[in-house]
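In the part that follows, the structures are each spelled out as structure tokens.
Paired with chain B in one complex and with chain C in the other, chain A is shared by the two complexes that follow.
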Partner chain A sequence: MTALHLAIIAPFLAAVFVPILYKMFPNIHTGWFVLAVPAVLFAYFLQYLPVTSNKETVMAVLDWVPSLDIHFNAYVDGLGLLFALLITGIGILVVLYSIYYLSKKTEALHTFYTFLLMFMGAMLGVVLSDNMMVLYMFWEITSLSSFLLIAYWYEREKSLYGALKSMLITVLGGFSMLVGFVLLYSITGTFSIQETIALSSEVVSHELFLPAMLTILLGAFTKSAQFPFHIWLPDAMEAPTPVSAYLHSATMVKAGIYLIARLSPVFAVSGEWLWLVAGFGITTLFWGSFSAVRQTDLKSILAFSTVSQLGMILSMLGVGAAALHFDNLDENLYVGATTAAIFHLINHATFKGSLFMMAGIVDHETGTRDIRRLGGLMTVMPITFTIAVIGGFSMAGLPPFNGFLSKEMFFTAMVEFTEFQLFNVDTFGILFPVLAWIASVFTFIYSMMLIFKTFTGKMQPEKLDVKPHEAPFGMLLSPIILVSLVLVFGFFPNILSYTIIEPAMASILPSLLQEGEQFYVDIYFWHGWTPELYMTLGVIGTGVLLYLGMKKWIGVYRLFPEGLSFNRLYDQTIIQGERMSEKVIGWHMTGYIKDYLLYIFSFFTAALLFTLFYKGAFVVNTENVAPISVYELILAGVLIVSVGIVMFTKSRLKAIIGLGVAGYTVALFFVIFRAPDLALTQLIIETVSVALFLLCFYHLPQISKNLESVRFQAGNFIISAAVGLTITLIGIAASSSRLFDSISGFFPEASYEEAGGKNMVNVILVDFRGFDTMLEILVLGIAAVGIFAMIKLRMAGREQL
Partner chain B sequence: MEIVMSIIAGVLFMGGTYLVLSKNMIRIIIGTAIISHGAHVLLLTMAGLKSGAPPLLGLKASTYTDPLPQALILTAIVISFGVTSFFLVLGYRTYKETGTDNTEKMRGTDSYD
Partner chain C sequence: MFSVFIFFNGHHEPGGGFIGGLMTSSAVVLLLLAYDLETVKRVLPFDFKIVTAAGLLTAVATGMGSFLFGEPFLSQTYDYFTFPVLGELELATALLFDIGVYLVVIGITLTIIQTIGEDR
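Right after this comes the complex of A and B.
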């Protein structure tokens, strides 16, 4: 256990104390205590910056289940550290914001902060684990704590719906990812990510490569809300705004991106990876930005915007994989895509976090998030407006904010990608810049909607529940810090280049670097008159025109009816799934004992007959059979006739007498087949049984003496005939093929000499196998006690004996 | 003879199964009794028939029938007797409590509490 391990589990440990502190200090907002955790962790992780920027990595080893190759090994490199800083850094701001956002008086703060800390610890575990199983464990804890946080206001039906939806989708993906990890393990024999990366050439040539890749990608896509699994994210907006800002914009939804970046060295050489990651990314980018424009709720716009920006990052990661097909670092254009992906990952966390907090402030101060009811808040809430403008312009990709830089790099990557000469990219690849450009136009439109529909125009105080006013300073502090970062990263992007971005790139594309080499990262505003600059100008021009003329073309969205949406598909899947299972259960679980017996007997005969003939086990061998005499045939006839009478008679008395006849005939068979003890027992038992049956019969006078309901039932008869046939065939086959002699030779010798008895059957019963007899006596005893209890004890209407 | 006995066991099983599949409780119990007859006959048949004297050493025969299946059947007879009598009383009590001996009318309540 090193300090690094302690840092990962520190949030969990702290979560234990949250309820105690909440109870002990009711006058202090619990958030202040919680604030210390991300702050300390952030400071701790900052220490690793010099380490990773020097291309060194830290591996802290701790055995957990060594026999299964599961080790709690923490690994810090550029990529892991970037995420750890993001998680703890945004964590500080979110906790700070939540202190002012959530009321001490009305909210259950202890549960909120317990879940939040759980989430923080799990997220740190995801990004810092080297072992896939441990990563998976933390991954599922993020799903679980996210579920709990979305349903924080559990008395609201929509919260529960959103929580369940996100749980089902992310856990589906998580489970698929687990399958992928196990497949990877069966290829490489290790759960360690770093060892798997070292063996990547072996992985790529293995036949399980594709299944492993697809299952892991499914996990990453569902977690990162990629098309068409993005549907859970907008519904997760029912969570408190600090949660949306933290989980659903800055951290958890980037877990899938982390996983894809982390496993890029393993999978990225293949064309499937390139197409899937880049293709799904660009589709999500387009669909998310397209859908965002039709939303009217601030947080829904932001949710779809998150979906689209995640798609953008992912498409850049996918395009970045093209770099692996070139050895020469100096002329490798595609490395730039990875740089852009990481840079935008950081940028997105800054501006999206601030925008969510802005939406929360608007909601908090006006009582609504509906842009149709909002407007004209600019003069009342000037600081919030400034935050929205900076965040929104950055999201739209306008200079001089950091979003502009990453968008330019994005366009560069997409344009250059079309020239890639492998995997058909040179033909279909033209779709990438086109879709990227269209999506950027939509991004521009919804960013402008977000700013101007909320803050400009006429204020409509009659539509608002409360009189709007500027938020308290504490609530504004976190978004102010975030937009300051937007500006800082916008004007001085290169403070990130070699401290954070370059080490992270080295983790994503390790094979490109020779010893002592490093990627060249330089981010600057002015590229010259390049295609991407014209594209940006086009985006702004078209965007402005479309935004101003929005009323004219917004009807386009009516072409996509609600009935065809993915939400509808999800809902129908759930509803139809429940209905189907109900139907299937109702169809076969009838509640009638007869039906269940029919299933059992049918399965029994089908399985046995199939095995008997499929395995060729059926033989008839008449060599060693005993001769048949007339008496035996007569007895057989009597037995069969009596069984027939029992089966088909309508009189109960006849049935019981028939049963008695059958029993006595069996006793006579025992006589013929040299079994005197059996014959004796059978005679006595049969007599007693028949007496019992008659007794039962006598005491049930209310039932008519005739069994009215007995009708010949063909279905039952077929099944029972099949059962009889199965028994007969197996009996014949078994007696015709004896594999070895019985041990009966032992008993004649041993009975007298060792047990001192001449009746071998009795000697076996009480001596050689006396244990059976003892338990058989026990059975009789239990039956007797049971019968006594049934007759004597009347429980009805009484609670106790 | 083994083949004839196998057929008899099959017939007993068939009759027993047919009775067990009916609605009437007493017929079901009779069915189980017949199935146990079938099982006993089958057990005895599988050991080989009539291949020696009864398993009594006093007879001083050169070969004896296999005593082991006989011991097994003896145990089985007693157990099936115990179970049958328990079932009978259970059927009797069920009739007294519910007023029917038709299993199709014996339905639990639909609620799970």
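Right after this comes the complex of A and C.
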């Protein structure tokens, strides 16, 4: 256990104390205590910056389940540290914001902060674990705590719906990822990510490579809300706004991106990876930005915008994988895509966090998030407006904000991708910059909607529940810090270049670097008159035109009926799934014993007959058959007649008597086959049971006593005939193919010499196999007590009911 | 008497605890038919559930007894003893086990019959 391990589990430890502090200091907002955790952790992780920027990594080892190769090994490199800083840094701001956002009088703060800390610890575990199983464990804890946080207001139905939906989708992906990890393990024999990376060439040539990659990608796509699994994210907006800002924009949804970046060195050499990651990313980018424009709720717009921006990061990561196919580092343009991905990852966390907080403030101060009811807040809430403008313009990719820089780099990457010569990119590659450009236009439109529909125009006080006013300073502090970061990263992007971005790139593309080499990272505003600049100008021009003429074309969205949406698909899957299972259960679980017996018998005969003939075990061997005597024939005839009576008689009394006859005949068989003990027992038992049957008969209710013969049913007949046939066949086969001599030769001599008895049967019963007898008398005893209990305790049971 | 005979002869002739028990109980059933439940209960003042339990205990105890001599569970042994009254007799621990079976069978049969009988 090192300090690093302690840092990962610190939030969990702190979560234990949250309820105690909440109860002990009711006058202090619990958030203040919680604030210390991410602050300390952030400071702690800052120490690693010099380490990782020198290309050094830290591996802290802690055995957990060594026999299963599961070690709680913490690994810090550029990528892990970038995420750890994001998690703790945004964590500080979100906790600070939530202190002002959530009232200590009306909200259950202890549960909120417990879940939040759980989430924070789990996220740190995801990004800093080297062992895949440990990573998976933390991954599922993020799903779980996200589920709890979305359903924080659990009395609202929509919260529960959203929580359940996100849980189902992310856990589906999580399981698939687990399968992928296990497949990887079966290829490499290790759960360690770093060791897997070292073996990556072996992985790529293995036959399980593709399944492993697909299952892991499914996990990453569901977590990062990629098309078509993005549907849980907009519904997760029912969570409190700090949660949306933290989990659903800055951290958890980037877990999938982290995973893809982390495993890039393993998978990225293959063409499938490049196509899947880049293809899904660009589709998500387009669909997310397209869907965002039709939303009217601030948080929904932001949710779809998050979806689309995540798609953008992912597509850049995918394109960045192309870098691996050209060795010459100096001319390698595709490395730039990875740079852009990481840079945008940071940018997105800053501006999206601030925008969510802005939406929360508007909601808090006006009582609504519907942009149709909002408007004209600019003068009332000037600071919030400034935040929205900076965040929104950065999201739209306008200069001089950091979004502009990453968008330029994104266009560069997409344009260069068309020049890529492998894996059919030269034919379909043109789609990438085109889709990216259209998506950027939509991004521009919804960013403008977000700013201007909320803050400009005429105020509509009659539609608002409360009189709007500027938020308290404490609530504004966190978004102000975030937008200042937007500005700082916008004007001085290179403070990030070699401290954070470059080490993270070294983790994603390790194979490209020789000892002592560095990626060249330089982010600057002015590229010259490049295609990217024209594209951005085009985005702005088209975006402005489309935004102003929005009323004319917004009807386009009506072409997409509700019934064809992915939400509808999800809902129908759930509903139909439930209906189907209900039907299946209703169909075979009829509640009639008759039907269950039918299943049992048909399965029994089918399985036995199949085995008998499949194995070729059926043989007839008449060597050892004894001669048949006349008595036996007569008795068999009697037996058949009595059984026939039982089966076909109309009267129950006759059936009982027929059964008795059969029983006594069996006793006579015992006599013939020289089994006096059995004959005696059989006689007496038969007498007793016939008496009991008569007793039952006597007590039958009058209504059902009407005597009708057994109804004939073809199905029952076939199955009973099949059962009889099967048993007969097996009996014949078994007696025809005896493998060993019976052990009964031992008993006649041994019973007198060793056990002191001449009655062999009895000696076997009480001496050689006395244990069986003991348990059989136990069975009898239980039966007696059971009958006693059923009859005597009947009244008591009825009284209780 | 016949049932007792059958019971004791179990080791050498057809018979044994099970049949012996059944026969004893059928004797009691005859009594039941001839008299009524109350009378039989007065003549045979046993709680047959306890008889069952006692029989089970006897059977298990014989099994446990073999532990005392360091043998596996239910190892039976036998020997010849000379009793002052009966002369030389062969006694086997299996007999004790059979007594357990005997008691259990009597117990359960009569419990069942009595319970059903009283229910009427």
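Operating definition for what follows: the second predicted complex is superposed on the first by the 783 of 801 C-alpha atoms of A that agree within 3 Å, B and C clash if a C-alpha of one lies under 4 Å from a C-alpha of the other, contacts with A are read in each partner's own complex, and residues count from 1 in each chain.
Definition applied: contacts are C-beta pairs under 8 Å (C-beta built on N, C-alpha and C of every residue); 3 or more make two chains touch, one makes a residue touch a chain.
As the structure is a computational prediction, the values presented were derived from the model and not from experiment.
Engineer: Taking the superposition as given, does A:774 touch the first partner, chain B, the second, chain C, both, or neither?
Structural biologist: The answer is second: A:774 touches chain C but not chain B.
Engineer: Scan A:716 for contacts with chain B and chain C and give back first, second, both or neither.
Structural biologist: The answer is first: A:716 touches chain B but not chain C.
Engineer: Which of the two partners, first being chain B and second being chain C, lies in contact with A:643: first, second, both, or neither?
Structural biologist: first
Engineer: Tell me which partner A:601 touches in the superposition: chain B (first), chain C (second), both or neither.
Structural biologist: A:601 contacts chain B only, not chain C.
Engineer: Which of the two partners, first being chain B and second being chain C, lies in contact with A:669: first, second, both, or neither?
Structural biologist: The answer is first: A:669 touches chain B but not chain C.
Engineer: Is A:792 contacted by the first partner chain B, the second partner chain C, both or neither?
Structural biologist: After superposing on A, A:792 lies in contact with chain C but is clear of chain B.
Engineer: Contacts for A:109 in the overlay, against chain B (first) and chain C (second): which applies, first, second, both or neither?
Structural biologist: Neither partner.
Engineer: First (chain B), second (chain C), both or neither: which does A:127 touch?
Structural biologist: neither
Engineer: When both complexes are superposed, which of chain B and chain C contacts more residues belonging to chain A?
Structural biologist: Touching more of chain A: B.
Engineer: Can you give me the overlap between the chain B contact set and the chain C contact set on chain A?
Structural biologist: Residues 676-677, 681, 685, 688, 692, 757-759, 761, 765, 773, 780, 783-784, 787, 791, which sit in both footprints.
Engineer: Sort out for me which residues of chain B touch chain A in the complex.
Structural biologist: Contact set of chain B toward chain A: 1-24, 26-27, 29-30, 33-34, 37-38, 40-42, 44-58, 64-68, 70-71, 73-75, 77-79, 81-86, 88-93, 95, 97, 99, 101-104, 107-108.
Engineer: Which part of chain C faces chain A closely enough to touch in the complex?
Structural biologist: Per the touch definition, chain C meets chain A at residues 6, 9-19, 22-23, 26, 49, 52-53, 55-56, 59-60, 63, 73-74, 76, 78, 90, 92, 94, 97-98, 100-101, 104-105, 107-109, 111-112, 115-116, 118-119.
Engineer: Would you mind writing out the residues of chain A in touch with chain C in their complex?
Structural biologist: For chain A paired with chain C, touching residues are 676-677, 680-681, 684-685, 687-688, 692, 695, 755-759, 761-763, 765-767, 770-771, 773-774, 777-778, 780-781, 783-785, 787-788, 791-792.
Engineer: In the complex of these two chains, what residues of chain A are touching chain B?
Structural biologist: Residues 591-594, 597-598, 601, 620, 622, 624-628, 632-633, 636, 639-640, 643-644, 646-647, 652, 655-656, 659, 662-663, 666, 669-670, 672-678, 681-682, 685, 688-689, 692-693, 696-697, 699-700, 702-703, 707, 709-710, 713, 716-717, 719-721, 723-729, 731-732, 734-736, 742-744, 747-748, 751-752, 757-761, 764-765, 769, 772-773, 776, 779-780, 782-784, 786-787, 790-791, 796 of chain A touch chain B in their complex.
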